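I've put the structures underneath this note.
Below, subunit A partners subunit B and then partners subunit C, in two separate complexes.
Let's turn to the complex of A and B:
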């Protein structure tokens, strides 16, 4: 069928398909009003519960959609609404499930951790909870679009919401800072917010700049169309195509915080409220990785199929180079890090490296399993990372005088004696982060290594294994503090909601490690490269 | 086979039962915890003995085999196209053969003895025994697993308990020793993982036509599948093709690289000389019962891995490298012996002695004939028992004298005749006195090497003499000579200490006078490997 250039209009059925995002956006609007109308004396945690409920509602609607598709036909055909501006396919849906799970866990944990109103911790603030929703919706939009403009819109929705989230502070902090211009009050949140706005802006600019080249070369913003056009124009515009993609890799590299584009991450994670750090570490990363994945397999992959040393191969190799760099830089610079939030940020840099390996591997020989590898590792990373951040905030809560951003490695001293169960859960996260069995992180890494080995990228396998070993030193420094030191008169109070999040994450990490079948079977069952990943003109 | 319940699974996981029971107990009841742990280690010991009696070497490989599908992941079919199934397969697979059996028995014995010897532990008993039992589970799993992933996981499971056992209950510099242990061994297992991953995606690939006419492609982590594919000239892994056509092809160079990587990976564990520094730290800092296990079993895992994965999977490459192996073994033997002679610390004498004895294992393996390899395995068992005994005694001495410096110890035979006597016997076994187990291992290994590397074997004999020198120097120095006055009131072994000493000593003597106890079981283990070697190398 010929491609129609007219914009399709939106119908009620389409709105039904877009329910997951629409629920979040509608709830955000509603919660803003509720926050305004509610009398000041009422605890804002009610808004937190409502936004948690809407995240769960959105999750349910995604699941319902996947089931619905699976019931209708054997091979679920993806829907492209509004000229593929909004794609309803299983690649997007599966990643949306991850993003929503992460957001819901973070919301639940915030409900537990924010009650205390200590310095550097947020009180229950309406803004915080209702901004989680558009941020998540933006991330979801990034995973389910076949058009550069919509992709950019999703990216900005995510970015702008998180700019605000990073800068959020308690009213008490603001008052304190206004009262005294001394450096008693940490300027870190403000610094973090500013840094994040600037680097985030640069990232968006890079991506947009790269996109503009692509549009200039092909006259389209539809990724499937650009992909097929590029194969024809490639010979005349090699330099421009390289430029376009290098800018986009750099832009997404900043969003994913993959070295060498990671310098902002430790500062921002340190200054941001801890749940927001986790949000950046998990949701921003996963969404950007998923978007990059779809872009590469639509734009670059068709070109790389032609014989010879193509641009496509170079670009895939460039992604692998970034991945290798991120793994090494992330682990090496974490070696001397004593601040826990910065340490987790750098661990996130290393994990970003693992995460984008499947993107760069391309299809080779009998290997086309990249999407499952990316998905599984993102899932494992979600649980271990949120878990570790939640433990951090619990430990920080023990010291009322300190805020989260000053939590040092030493703060974990003797945690086993103070809170044995939390310490045990932390061991699971540490094992998973370090890639040791039996944990989701181990299996995720193994799976990616298998992929790399079957495309004969042995050097990458070696780097992955090597950086895991280096990271043992980093992560087992935490274990050493928790189990081998006996100090810690400060007792640890574990809020019920935070404790629940920690244990949900720990259980999920273990399950993914012992029985990865379940998730991967399901993924293989619903996902197909041709139908769900590629955005072809029909 | 007369046992129809999954005895191997029971064996491997029985220590965990004990560990779970321990977790439910109050942490201050030291006696209760100790006896529970001791009983928990007796359970796998009993199972291992049952296996030992029941195992019939005339039917190797088939006797005990437990398999179940563990992980089966469907892979994306886009790349292969068409109607087919395509998956990645890891089995839960335990199996017993003549090579595993003596090592399993050794593990359970040493673990029980270490649990008995753990009376010297003074704090946090609950966690201590918990980790000890988890460690035992890991070790048993390593010797029985027949799937690459399972093997790797059990190998890694031994790391974490050791980290805690050294880092919490060790001596002064324990944390550094623990982290060093973790990093070195982590590096070893990372290299091993790289090799395994490459093996699974090349030699592990297989294609079959199912009954319904559907094609089935799959990667498998099963040891048997990989071994069969590597030795089968028709398998994908051995089909040479022009660049890129067959992604599963393993070239000769690649196979050699894999063998060398395995040698390094397991060489760190064994340890082979440039990689041995971590092991000295562990010997120096870890509590005595943990060193018993470490020196008695964990080092043997390295040798076992080298035999099972290096020699059995890559016999040709092993043959190519056999001179290198022999030289490495010789260096281990001589270096360990010479340095041991220069030590002033009894712990380090014994640590270097372990290094030296592992050299004999390497020598025996490098012979690549039945007698040499039997000698190597025999040496593993014998050294496992002897070093466990030596470190048991060392721990007992240390508890009484608070020192292990050779110039402070002396004349202990006067106040502790029983322990000093046991030390002398263990020392004699270690230096290879005929009639004790050490002799058999060394004799068989050297006989084997004499066949293939005559010069090296001749030099190795010097090492045996050096061993005698340093062992006697250390043992005599501790037992006789002038005694420090503050040791006058120390007491000889209590019953709970004497028991493991007697058991270990009895086994050392038994193996010395009746070596067939081990060699009979080993008899068929090397057959298939040597056969294949003869087939391919032609003699």
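Let's turn to the complex of A and C:
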């Protein structure tokens, strides 16, 4: 198949369509200069507010774009920019809304928990705020990629920014380090960052190795072309195709932190500043899941349509196996965990399993709303997880001797008597994480289970239900600590910004639990598989 | 011709993976990751010349990989220096503060 590629330059119209990402990148460049010229004595919170403003600006421009598309035509047509390397479509746009919401919540929460003079203040406050922007932009690139090179670039933009974010030390760490003359002092953030760099590097190498075989077999890096070429070459190169996809599943598995590729997650989440842990838990996972979803339905799905025992079915099964493994391993290892940050990391592993179930369920006749299931669960997961991490940092802030990463389960004891409102918010997040009613998590899990049941993957439904039941034990351990114990000595101070984030997340979790159809119908209204997900060369 | 390049790349990738998991010196671990990424580059360039459908895209992809890998290595070494300052060692198996 001979095809020609002409070099397409970027026009102003293209720049307009890419406005959400460009706003973030431009603001990052601007904030670096602002950080440089501002005198040292000025509080770096101003940079935090500016980056929050740019995240909100980017959010508005995505919404404006969706509206604009809806006004112009009945059927929204996806745009392919830069020779179709970059897709502006509703699948990407909806996930961008999620990612930007999460990033904005995290930025707002950091403004509270990392305020000047508080325990959580970072040594490099300015850097923290402006590195959030390229990390978010990288995640957004991943959701709307039409080409393997673009996907890889977005992935690395996200990863490299987060490597640095994980390694940021608080002022307290620095002071401790200066005070102690011993050789070994706490180096948790640096150690976490190093572990993350190594696992992240291995995961990129895996993804790239898989991609290189796909390129070799099809002569193209364009997702749509690979999809159509694979159906032709599939018979002669079965082994290589299996290998390519297994490498990519393993690489993305590391990024999503799905078991058996999750070993780095507890360590990194524990060592990183808490908002960064939440960032990794929500944004990295959601972006990688969205990218994997689009890849699978462009590359594997066309092939799985042909009759017989096809590679596509095996690959979908492999994803489901990873999902099942992640759910079981995540919940079972959370049972023995007493460190709260590690516990949330392991619950994130289990949730990653739920998140990738819709990717592994192929479209079968009646069942075609995988994307909606993935989107809804990602939304519910976003709010409950950021909320839980924010409560954790508030609780840790009550004790001066403790840093966020050493918060144990028993630090929560008697929280209800010390801070009833924060404890009630935590109840909502715990209910949602456990998947009990009147919470977003319940409907998220329910939709995914119903999806699995309608494709007759009953073994998977059983595993999902089983791991949910086991997880009740884990989460009710937290509730028990908060209500049944009374140790009312340490009062809890809730910074205004952190409190706002906790309540926004709690409200959103409740709204998703009471009225799930709102979000679901909106997604199904704007999203169509043919227009928004499949990247076909026109 | 293609087969020998691919074998070479696969061997390089495996050596890199082995090194990243087994080596105790953190600098060598970072080096091993670079080895894995270079295996990918070899694959891409070989495919762009001798692949099913030869095209320039592979070489462009390789350029992207090289540039990004350089950025990644820079961050990795910076993190390692920060870690070395705090712990006074580059032995990967002594970075065990987080599991306790």
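A few points about this structure:
FYI, the second predicted complex is superposed on the first by the 512 of 538 C-alpha atoms of A that agree within 3 Å, B and C clash if a C-alpha of one lies under 4 Å from a C-alpha of the other, contacts with A are read in each partner's own complex, and residues count from 1 in each chain.
Methods note: a contact is a pair of C-beta atoms (placed from the backbone, for glycine too) under 8 Å apart; a residue touches a chain by one contact, two chains touch by 3 or more.
The structure displayed is predicted, hence computed values, not measured ones.
Steric overlap between subunit B and subunit C is absent once the structures are superposed on subunit A; the two fit side by side.
With both structures placed on the common chain, the touch criterion links A:520 to subunit B but leaves subunit C unconnected. Of the two partner chains placed by superposition, A:16 touches none, neither subunit B nor subunit C. Applying the stated contact rule after C-alpha superposition, one finds that A:202 touches subunit C and leaves subunit B untouched.
Of the two partner chains, subunit C is the only one that A:188 touches; subunit B does not reach it. After superposing the two complexes on chain A, the closest approach between C-alpha atoms of subunit B and subunit C comes to 28 Å. Put simply, subunit A uses no single residue to touch subunit B in one complex and subunit C in the other. Those residues of subunit C that touch subunit A in the complex are listed here as 9, 13, 16-17, 20, 26, 29-30, 33, 36-37, 39-40, 43-44, 46-47, 51-55, 57-58, 60-61, 64-65, 68, 71-72, 75-76, 79-80, 82-83, 86-88, 95, 97-99. Interface residues of subunit B, counted against subunit A in their complex, comprise 71-80, 86, 88, 149, 152-153, 156-157, 159-160, 163-164, 167-168, 174-175, 178-179, 182-183, 186-187, 190-191, 193-194, 197-198, 200-201, 205, 217, 219, 244, 247-248.
The part of subunit A that touches subunit C in the complex is made up of residues 1, 5, 148-149, 152-153, 156, 159-160, 163-164, 167, 177, 183-188, 190-195, 197-198, 200-202, 204-205, 208-209, 211-213, 215-221, 233, 266-267, 270-271. Taken in their complex, subunit A has these residues touching subunit B: 363-372, 431, 436-438, 446-447, 449-450, 453-456, 458, 461-462, 465-466, 468-469, 472-473, 476, 479-480, 483-484, 515-517, 520-521, 524-525, 527-530.
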